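Each of the two complexes below includes chain A, the first together with chain B, the second together with chain C.
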Partner chain A sequence: MLDVSDLHVYYGLSQALFGVSLRAERGELIALVGRNGAGKSTTLKAIVGLCRPRRGRVVFGGRDVTGWPPYRIARAGIGYVPEDRRVFRSLTVQENLEAARLPERERADGWTMAGVFELFPDLARLRGHLAGRLSGGQQQMLTIGRALMTNPDLLLLDEPSEGLAPLLVQLLAERVALMKERGLTIVLSEQNVEFVRELADRVYTLEKGEVRYEGRMQDFLASEEIARAYLGV
Partner chain B sequence: MTAAVPGVPAVRSWVRLPVAAAFFAALGGVLLLPEVLSVYQIYLALEVLIFGLAATSLNLLVGYAGMVSFGHAAYFGAASYCAALAMKYAGVSMWTALLVAPLGSTVLAFVYGIFCVRLSRIYFAMLTLAFAQLTYTVAFQWYGVTGGDTGLLGVMPADAIAEPQTYFRFTALVVAACIAVLYAVVRSPFGLTLRSIQQNRVRVELLGVNPYLYQLGAFVIAGFFAGVAGALYAFEKGAVFPDYLSLGHSLKFILMTLLGGFTVFLGPLLGALVFELLNSVLTNYTQYWQLPLAVCLAAVILFAPSGLSGLFLRKR
Partner chain C sequence: MSIETLAIQAAVGLVNAMLLFLVASGLSLIFGVSRIINFAHGSFYMLGAYAAFTLAQFAPTHPGWLLLAVALSALAVAVVGALVETSFLRRVYASDELFQLLATFAVVLAVSDLVKIVWGSANKSLPLPATYRQALPILGQPFPVYYFLLLVLGVVVMAGLWWLVYRTRWGVQVRACTDDRDMANAIGINQKWLTTSVFLLGTGLAGLGGVFAAVMGTITPVMDSDMLVEAFVVVVVGGLGSLLGSFVAALIVGELKAMAILVFPSASMVIVFLLMAVILIVRPWGLFGEAEE
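Now for the complex of A and B:
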């Protein structure tokens, strides 16, 4: 479904990605693990068209989407939940979700506002509230809900657990598992391996803009030496 | 498609009835005004309505889409000229001219908009200003067609509405219809997307929306309604001058919007009312009426940054 090959991305003169390649099959949950600055966010940004790779290709659903503007990539079916959340602060929760409706991607079995409210009951309760007044965790739910409203085939989550209270992290993990059950393909970047150890099918570890390890989650956890470096105990 | 969620009341339906009731009550009140106002006051009220509509159309850009246009008078004045030129050269009736004029300003807004909406913030403002000055210059210097600074005279309304009282009622109905349509626009999904773009353009793009198309759409709609106002203004004055296209007019629309408050839909209309009242009262006392007006505006910006309407209403 997603085939990223040999991405080279620069910010000005400094190179952030050195030939990153990764694949995601339909229904898979891929974890992108690495420290701050390893290139996780940059990889996701390059996939959705927020930064243009100098070399390499992003192929999605058989189409080469490299260099497409972000709105076309979103319409092609890639949803993106950025690290910094950024809800539309002066819009209500409900308006945030309504604004994200993408009529041309609506399907009978797709995500609706009711479906999003079912997944995140908190949002239903807060539907009339201004999004800027929500807590960090609630804003995170809203950003995910907003991305779901566009009915993506592939959802990119950039460090979703960052800055959330442990209880919320647990809840979020459950919700991500539910989304996966509904058939969504997910690529998730994380520093926190704990968060993805139960969720992910496969793992890529990134270090200094390069992929260091690629394999199934259980193999990753089994190979103690690698896992210890990332579990960061 | 927006499925109702069990146990959660729908927010929208209960808002609509009072809004409609207030709208028709206000319109009824405005239609009765000519009974009590002097002719001078009727002309004053006419300008409140006409400039109020122009400022409200500008606020679709400023308050909802986050695009501060410094050249909105271009579309206002272009429609005035379209109406006058259509009557003078094509010999059409006032009614036809009134229909043609906003179409002219719409086309102009589309052409200029293609270039302007590609830019943001100060660059957008500067380009809208540049296009407006260009339009002004054409009207000012093309004597053969526009009459230059002598303008075009004899732009008279049809006999049926030639009296100040009837022209006022006619204008009130047209402005009310336009305000209602603009309200529907800002409440629509289109309006919601505009507000999202104002908040965060990149996020909207990541949700699959091409922001240029929406901003161009808003620019064109604003150009249309500014054009309606400009055509009504031409028939109120009975003449058209390059001044209608000037930076002074553009600034007036911005001032009215700021004065009344751009965070509230009716803010610009309130701003137009206060502006015209201040203008008319102050000119009785001093020919330097712009000075106290400037002081008022500075006070509003310093102490009530969301405008006069923001003092009464919760900011949303």
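Now for the complex of A and C:
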């Protein structure tokens, strides 16, 4: 479904990615693990078109989408949940979701506002509230709901558990599992493996803009040496 | 100074505030989605005034025709604004702010010369049908009918604008882009055409403001810069990108100027700038804007 090959991304003169390649098959949940600054966010941004790779290709659903503007990539079926919860602050919860509704991608069994409210009941209660006034956890639910409104085939989640209370992290993990059950392909970046150890099918670890490890989750956890470096620091 | 004089002056301030809001709200909307400081906004305002002048000549004494001319002028300016955006301004969105300023300033100069070529340098005034020139006695003072006409039209347009921005999907998308362009893009909003539609609306509002100004006063080839300065004051005081802010700021500036003319006739504009300076010091992001994080 997603085939990223040899991505090289620069911010000005400094290089952030050195030939990152990764794949995600339909229905898989891929974990992208690495420290701050390892290139996780940049990889996801390059996939959705928010930064342009100098070299490399992003192929999605058989189409080469490299260099496409983000709105076309969203319409092709990639949903994006950024780090630091970029909700539309001056819009209400309901308007945040409405803004992301893509009529051309609506399907009978797809995500609707009601479906998002079912997944995150807190949002239903807060539908008339300004998104800028929500708590961090609520904003995170909203950014995920917003991405779901575009009815993506592939969802990119950038450090969704960052800065959330343990109870919320637990809730979030359950919701991600539910989305996966509904057939969504997910690429999720995390600093800590803990959040994804039960969820992920396969793992990529990133270090200094390069992929260091690639393999199935259970193999990753079994190879203690590697896993220890990324487990509960 | 009698209470009647104050009341009349307050009413004059109200009409001016409405005109200011029409122009400033367009400027603010355009800035919100395009992040362009559009110096050419005053030029579209001026074009609205001249377009109304030309259209009014066809039936200068017919009350209904004037209303039609008002609508047609605003519409014509909206189309010109959208054309300028798609053919020219669109190309500088990714450039440095300095280049953007130069580009919009180029439009200012081009329109200014074009107006002098087509309509000449002499001041003009709109022929008003007698129906609108009649004076109604308000608090014992004569108050021309066209003031009421402008007030009613203005309120209708403002209500429509509010509905568009706060009650339609288009408005939700415009406000989403104003909040965060990249995120709006990443959820599938095509900003290219959204921006063009905002230019269409924004320059149309400027054009309508120009028509209102033509009804109330003199049409001059320098009215573009006069209005541009005031519209910027309103947008800055209200907070860039905030429609409610522009509304409140337009009321403050309009009334302040009207009252200042009674007390210090020669310093009314200075007082408005003092207000802006004070607000910029206390709240640099304006009355209703959000502080940058």
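Some points to look at:
By our rule, the second predicted complex is superposed on the first by the 231 of 233 C-alpha atoms of A that agree within 3 Å, B and C clash if a C-alpha of one lies under 4 Å from a C-alpha of the other, contacts with A are read in each partner's own complex, and residues count from 1 in each chain.
By our rule, a contact is a pair of C-beta atoms (placed from the backbone, for glycine too) under 8 Å apart; a residue touches a chain by one contact, two chains touch by 3 or more.
Please read all numbers here as calculations on a predicted model, not as lab measurements.
Model built by superposing both complexes on chain A: chain B and chain C clash.
Taking chain B and chain C in turn and counting the residues of chain A each one touches, the greater count comes from B.
By the touch criterion defined above, A:S5 reaches neither chain B nor chain C.
Using the contact criterion defined above for the overlaid structures, shared-chain residue A:N192 touches neither chain B nor chain C, since it reaches no partner.
In the superposition on chain A, A:R89 makes contact with both chain B and chain C. With both structures placed on the common chain, the touch criterion links A:E98 to chain B and to chain C.
With both structures placed on the common chain, the touch criterion links A:Q15 to neither chain B nor chain C. Looking at the shared chain after the overlay, A:T150 reaches both chain B and chain C. In the superposition on chain A, A:Y80 makes contact with both chain B and chain C. When the two complexes are laid over each other on chain A, chain A has residues 48, 50, 69-71, 74-75, 80, 82, 86, 88-91, 95-96, 98-102, 105, 146-147, 149-150 in contact with both chain B and chain C.
Chain contact summary for the complex, chain B toward chain A: residues 1-5, 8, 11, 189, 192-193, 195-196, 199-200, 202-211, 316. Residues 48, 50, 69-71, 74-75, 80, 82, 86, 88-92, 94-96, 98-103, 105-106, 112-114, 117, 124-125, 127-128, 130, 146-147, 149-150 of chain A touch chain B in their complex.
Partner chain C is touched in their complex by these residues of chain A: 48-50, 69-71, 73-75, 79-80, 82, 86, 88-91, 95-96, 98-102, 105, 132, 146-147, 149-150.
Residues of chain C that touch chain A in their complex: 169, 172-173, 175-176, 178-180, 182-191, 290.
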